[in-house]
C-alpha cells in the first residue's frame, strides 16, 4: 500500500520489538507519590492543599494559573506529607505535593458519568477537559483545552490523530491504539465537535500495520479516514505530519490551526474521552519502560507522581550496565540524573540502556547531511556555527527559531557535533535577547 | 605626545607603528614591486623621498592652509614630489623606472604619506615631522626589504641580482608572481603578530 | 579675508608654485629621458644588426617601425624591424634584424614583454630562445620545431625552436615575426622601403 | 543504587555509526584502484612519489597539530592521507621527489592548517599544493614521460590534451584513442590516466553514498554540452565530449576533488551551480585558454564561490512563504 | 585589442586586485561583510567609469597636445579627488538612500590606488576613448568580483578556527594569494 | 620658457577651478547634520584607509558620533586622535562609587556535588539548559562563561572551580552579571564586605545534600543582626548593608556552612592559617 510521508528525516533503529507485543498493564499505585505542580507549558499551578490535608483520588490539588496552565489532580488517596520543591524530570526542582498513599483509592464523590457526551456543546467539552487537567501526552504537555479553542478567524476543518509514535523504543501509543481504539476515536470525535471540524484523520506509521488495519475498520463509523505513513523519524512531529498527510505547510512561527488543523496524540484523545464521559481527571497515563538495561521491559499504566525508581523496580530493576536514564524517547527525551524523579503527564517512556562512549568530535566537514535530513529544511551546521561564534542575528535570520529539536541532524552528523545542544543554546539566547529588547 | 623623545619618535615607525606590518598601509606597492630587492628598495627610497619632503613642506606651511582645502593642498604637494621622483628615476635609472611601471606615480595615493601629513605633520614642528617621516620611511624600507629579499631569494635564487643559491636550487617562480606576494605577505603579517603577542606577554 | 577667498587663493598659489617647479624639473630631465628611450632602441638594434652605426627610421605605423641601418662607412648594413603583437598574456614588443638583401633574419631581441615569468618570459633568454633566431630564412613563412632542438644547428633555415612548456609564447613570437615579415615584403613591393636612400626621405 | 551516576546530555541520545574517519577511509579505499593503476603504469617512480607525499603531509599535519596544541589523534582521521594521495596522483611522474614534498607541505600548511585545519579550509588542499607547484615549477610540472606499458621512443611525451591543444592532433590524426584513455595506457599525471580505475573508485563512493552525485554529474554534463556544441559544429578541430570526459584530470577531479565535502557547497541548489560552473570552466580553458588542462583551476575557482553559494542558496524552510507574486 | 578582450582581461586575467595589486587597502578593509563589499564594489565601478572618461579627456585634450606629460600625476589626482568629492556631495544632496548604499564608500575611494592606477595604466597603454571607458568599467567589475568573493570567504572564516596571529589581514592575504592562483586559469584566454 | 608658462598656467587654473569647486560645494551642497560628526571627522587622519572597518573616515566619524564605534577605533590615529575624539564627544567617566562584581556562590568542585558525567557543550549556559551539572540547581556551573565575556581580563577560573574577580582590573561593567545563566554575579560597592555566598532556594536539607557551602536557612545570621538580615525563601538576604554594625560581624560569621561572611578575611587571620598549614606540613 502506498504510504505518505514528508521530505528529509532519518531512520534510526526502531528497537520496538522489546515491548510492542506486551499489553498495557496497570501498575499498582506506589506508597508515596510526588506530584509536581508544574507539568505543562505555562506557570506552576497554585497549590490547593497543604501539609496534613487528606485528599481523595482525582481531587484537584493544584489550580492552573493563566491561559497556558493546567490543573493538577491527586493520583492516590491519602495524606499530604509536604508541599515543597522536588526533583522534576525537566532538570530543575519545581514545587510538588507529596502524598502518602492510603491504598484505598477513595474517589471524589461528585464526579458523575455523562450519558451522551456527544450532545455537549463545544464549550462544555472544553470546560470538562480543562477541569480534568488534560494536556497533550505526546511530550510537550500543551493544555488540550487551549488547543481545542482556536481563534475565530482560523476555522478548523480537520482533527489529526497522531498515531505515529516515531520515536524508537516507545510502544505505549501503539498498545493504546490496539487496546482502546474506541475510546481514542470517541475522544477524537469530541475534539472534532469542540473545534467544529469536518473530519478526523488518523495517521499511523507502516510499522504498526495491525493498528492501522484496526483503525481503518473502526473509523468507518466516523467522518474521516485512517492514513498509512512511512516509518520515518520524525513523522510524528506536528508540522511534518500535517505536511505528510495534507501537504499543507504550517507557516513559520505559526501553529497548526493557522492551516485549519488540530493535532492530537492518541493518548490525549483517550484522555479527552475519559475526562468528558466520566469526569476522570488525568492522573494516570500509559508509558513504555524499555531499553536494554531494563530487566523486564513493559508497557504500563502509571499514576502520575510515581517515582521512576518504583516503576523500574516494578519492571525487574535496572541492569548493572545501564548508564543513561531517559524520560521520553531516545531522540528527544531528557536524561535523568536520579531515579527519584516522578512520572509526570509528559512522560511517554522511561528508558535505560548502556550508552557507548561518545565518538571523538571533529570539526564540521560540510558534508551537508544535516541539511539533507533536517525535516524543517534548515541548515543546522551553519546555525550551530553562528551560535558558537555568537552571531545571533545571523542565526535568527537563518531560522534557528524554526528548529524543533528533533535531533535528526545530530543523529546523522559524522563529525559528532552536538548540533541540537547548540540549537537549544542559540534558541534560548535569541529568545532572551528578544525579551530584553521588548522589555 | 610631547613626552616622546626623538629616539622614540623615530623608532615607533620601525615596529610599534610600522606602516606595513602594524597599520596595513601602503600594501599596494609592498606587494607589487617586491619581486626583486632592487625594485623594492628603489620603491622604498622613492617613497622615503616623497614622505620626507612632503612632511617638511606641510609642517612648514601648516598654519597658512584653511582646513577645508588642506587635503587638496597636501595632495598637490605630494603629487609634485612624486612627479619629481618619477622624472628623476626615468632620467637616471631608466631600467628601474621601467620595471616599477605605474607604481612610482602611485606613490601619490600611498596611504602612508597622506596619513602622516594629516595625522602628524599638520600638527607638529618641522623637526619632529622630519623625524617622524624618517621613522615611518625606515619602517617601510624594512618591510619592503624583508619581503623582497624573501621573494627574490626563493623566486630567483638571487639577492640583489647575484646568484646566492647553489645550482641545485630550482627557483620558485610563484614567489615573483602575485600569488606568492600575497601568500608571503600574509604569512609575514602572521609572524609579526605572533612576535608582537609573544613580546607583550613577556612584558 | 573671507574663508572662501582664502581657500581659493591658497590652492591657486600652491598650484602655481607646483606648476612652475614641475616644469623646471621636467625641463632638466627631459633630454635625458628622451636619450634613455632612444638608447633602448639603439641597443636593441645593435643586438640584431651587425655593424649598425646610423639608424634611419624609414617607415612607421602602429605596431610596426622599420629602421634602415648604415655602417661606419655609410654603407647599408641591414634593416631593423620593431613589431608589437599580442602574446600569451599581454603585448610583446620585439625587434628583429634583416640583412641588406632583406632575405635573412640576422637576429631577434625582445624589448618589452609580460609573459609568465620562468616560462613564456624565456623569450628574452638567449640560451633558450634568442640564439635560435640567427640567420633564418626571411623569404617565406617560418615554422615551429617541436619537440625542441638542443642546438641551433639542428634546425633548418626556416625553423624556429620552441621553449619547453611555453609553446604558446613561442608561437606568438613566431606569429608576430611572420606577420611583420609579410608586411615588410609588401612594403618593398609597394616601393615604400628602398635599399638606397631616397630623396626627400 | 542511588549512588549510580547517569550520563547528562542533550537529546538526541542515539547516534548514527558513520563518522568522519569512516568517510575518509571510504574515500581512501575508493582511490586505491587508481593508485594500483598508477603503480602498474609508472612503477617505481609512482612508489617514490606516494611515499614522499604521504610522509610530508603527515609530518606537516603533525607539526601543526602539535604547535596548536590539538590532539594528535586527529592525524588518524585520514584527511591528510587523502590529501597526500590526491596530490601525488596529480603530479607528473617525471617530477623530482623534493618538489613533491614542497607541494605536500604547502597543501597541508597553506591549503588547510592556516584556515584552522580539517573542515575550515576554503580551498581543496591537494589542489592548492598542486597549483602552487604548477606556478612555482611550471617546467617540471609539464614534463611527461610515457607509461611503462609504452615503448620509449621519445625522451618526452605529450599528454593527450597537450597533443590536442599544441600539436593539432586531430588534423595530424595523432589523437589518443579512446581505448587507451579508458584503460590508462597513456601519458599524464600519476592517478588521472586510467579512467576505468577511477570509475571503479566512483562506484565504491556511490555505493557508500560518500559523495554527492550532483557534483560529478553536473561537471560531466556541463563539459559535455560545452565541448559537444563545438564538436558538432567542427569535428575536425574540436575533440568529442567523450574524449574530453576521459582525458586529463576530469574524472579524478569530478569524483575525488570537486566532491571534497569541506570545499563544496552544502545545499543542493548551490551544489548544482558549483558543479555546472566547474564543468563549463574546464571546457572554456581546454578549448580557449592558455593551458591544455583546466580541471585544477576550475575547481579552485569555484571553491572561491562556495561561501557565496552557501549563503544565497539556503533551502526554503518548511512553512516559509515565498515572496507573494 | 578587441573590446571583449579588454573586458575579460580586466575582470579575470589582469584583475586589478589580484594581478596589479591595486586597491588592496579597501580589499582588506571593507571585505568583512558581503553587503558592504558589494556596495564598495559598485561605488568603485561607478567612480572608475567616470575616472576613465575624465582622465582620458584631460590626457588627450590638454596634457598631450601641450606636451605636459609630466603633469599627469598632479592633474589626475586632483581631478579624481575633486570629482569624487563633488559626486559624493551631489548624491548626498539628491538621494540619501543612494548615498547610504554607495556614497559612504566614495571618500574611501578618493585615495584608492585602483582609481589612480586605472588612469595611469589606461594612459600607459594608450587606449582609445572607447577602450578606456570599457577598461574602466570592466576593471571595476573585476574589483567587485574579487572583493565580494573574498568577503564571502571571510564571513565563512569568521566561523573557523583560524590561528590567532593570522586572523584578519593575514588570512585574507593568503586567501587572496590562492585566489590569484585560481584566476591564473584564465591566462591566455584573451588571445 | 613658454613650456614653463603653460605649465604654470595649467596648474594655476587647475588649482583655481578646484578651489572654486570646493567652495561652491562647501556652500551649496552642504547637508545639515550632527556637528559632532564634522568635528570627529576633522580629528581623524583622513587617510580613508578603511583600517577601522568602516567605509572611510567619514563613516567612522558618523559611527562614533552615534555611539556605534569605540572612540579608540582608528588604528592610524593612535592615542592622540582617541583623546581628541573623546574630548569632542565629552566622554568622561563621571564620578561614581566604585563597584565590583561579586560571586554569590561557594560551590567549589569539592563542596558542590555533581549530578553525573556531562556530555555536552562546555559552557555554563549550555549546561544550564539541561538542568545543570551540579545537584544544586542554583550554584556555579564552573564552565566560565563569565570569564569569557569579561572584556578586561578581570576574571579567571580559580583552582577550586569558581571564577575569581581581580579587583584591580574589574570595572563593574556588568558583562558577567548578564552572562551568568544563574545570575550569581552582582555588583556591590567595594566597601561591602559581608556577602551571602549562596543563592539556593532549596530547603535546608536538600541544599546541604547538594552542597557543603549552601545556605541552609538556619537563621543564625538573621538572629544575630535582625535589622539587616532576614530569611526569605530558604535563604538569608541582606536587606540593608549599612545597618550591619561591625560588632555583629563575628556573630554573623558563625554561619555553619560559610554561606555568609566577610569577603576578605583579616590579614592576620590569613597569616595564622598559613602558619597552621606550614606547621601541619
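Labels A, B, C, D, E and F are assigned to the chains in the order they are written; within every chain, residues are numbered from 1.
Simple rule for what comes next: a residue touches a chain if its C-beta (ideal position, glycine included) is under 8 Å from a C-beta of that chain, and two chains touch if they have at least 3 such contacts.
If you're wondering where the values come from, they're calculated on a predicted model, not measured in any experiment.
Of all chains in the assembly, those touching chain B and also chain C are D, E, F. The chains in contact with chain A as well as with chain C are D, E, F.
The greatest number of inter-chain C-beta pairs in contact is found between A-D. Distance between Cα centroids is largest for the pairing of chain E with A. For this pair, chain E with chain F, the centres built from the Cα atoms lie 43 Å apart.
Centre to centre, using the average C-alpha position, chain D and chain F are separated by 50 Å.
For the pair chain A and chain B, the distance between mean C-alpha positions equals 69 Å.
Touching of two or more other chains is recorded for residues 3, 6-7, 10-11, 14-15, 18-19, 22, 26, 47-49, 51, 115-116, 119-120, 126, 129-131 of chain F. The set of chain C residues touching two or more other chains comprises 7, 10-11, 14-15, 18-19, 22-23, 25-26, 88-89, 116, 118-119, 168. For chain D, residues that reach two or more other chains under the stated contact definition are 5-10, 110, 114, 116-117, 119-120, 132, 135, 138, 290, 310. Pairs of chains that satisfy the touch definition comprise A-D, A-E, A-F, B-C, B-D, B-E, B-F, C-D, C-E, C-F, D-E, D-F, E-F. Residue ranges on chain D touching chain C, taken from their complex, read 138-139, 142-143, 154-156, 166-167, 290.
Across the interface of their complex, chain F is touched by residues 4, 7-8, 10-16, 18-20, 22-24, 26-27 of chain C.
Listing the residues of chain B that touch chain F in their complex gives 1, 17, 23-25, 67-69, 71-72, 76, 111, 114-115, 118-119. The touching residues of chain E, counted against chain C in their complex, run 1, 13-14, 70-71, 74, 187-188, 190-191.
Chain C meets chain D in the complex at residues 88-89, 116, 118-119, 146-147, 164-168.
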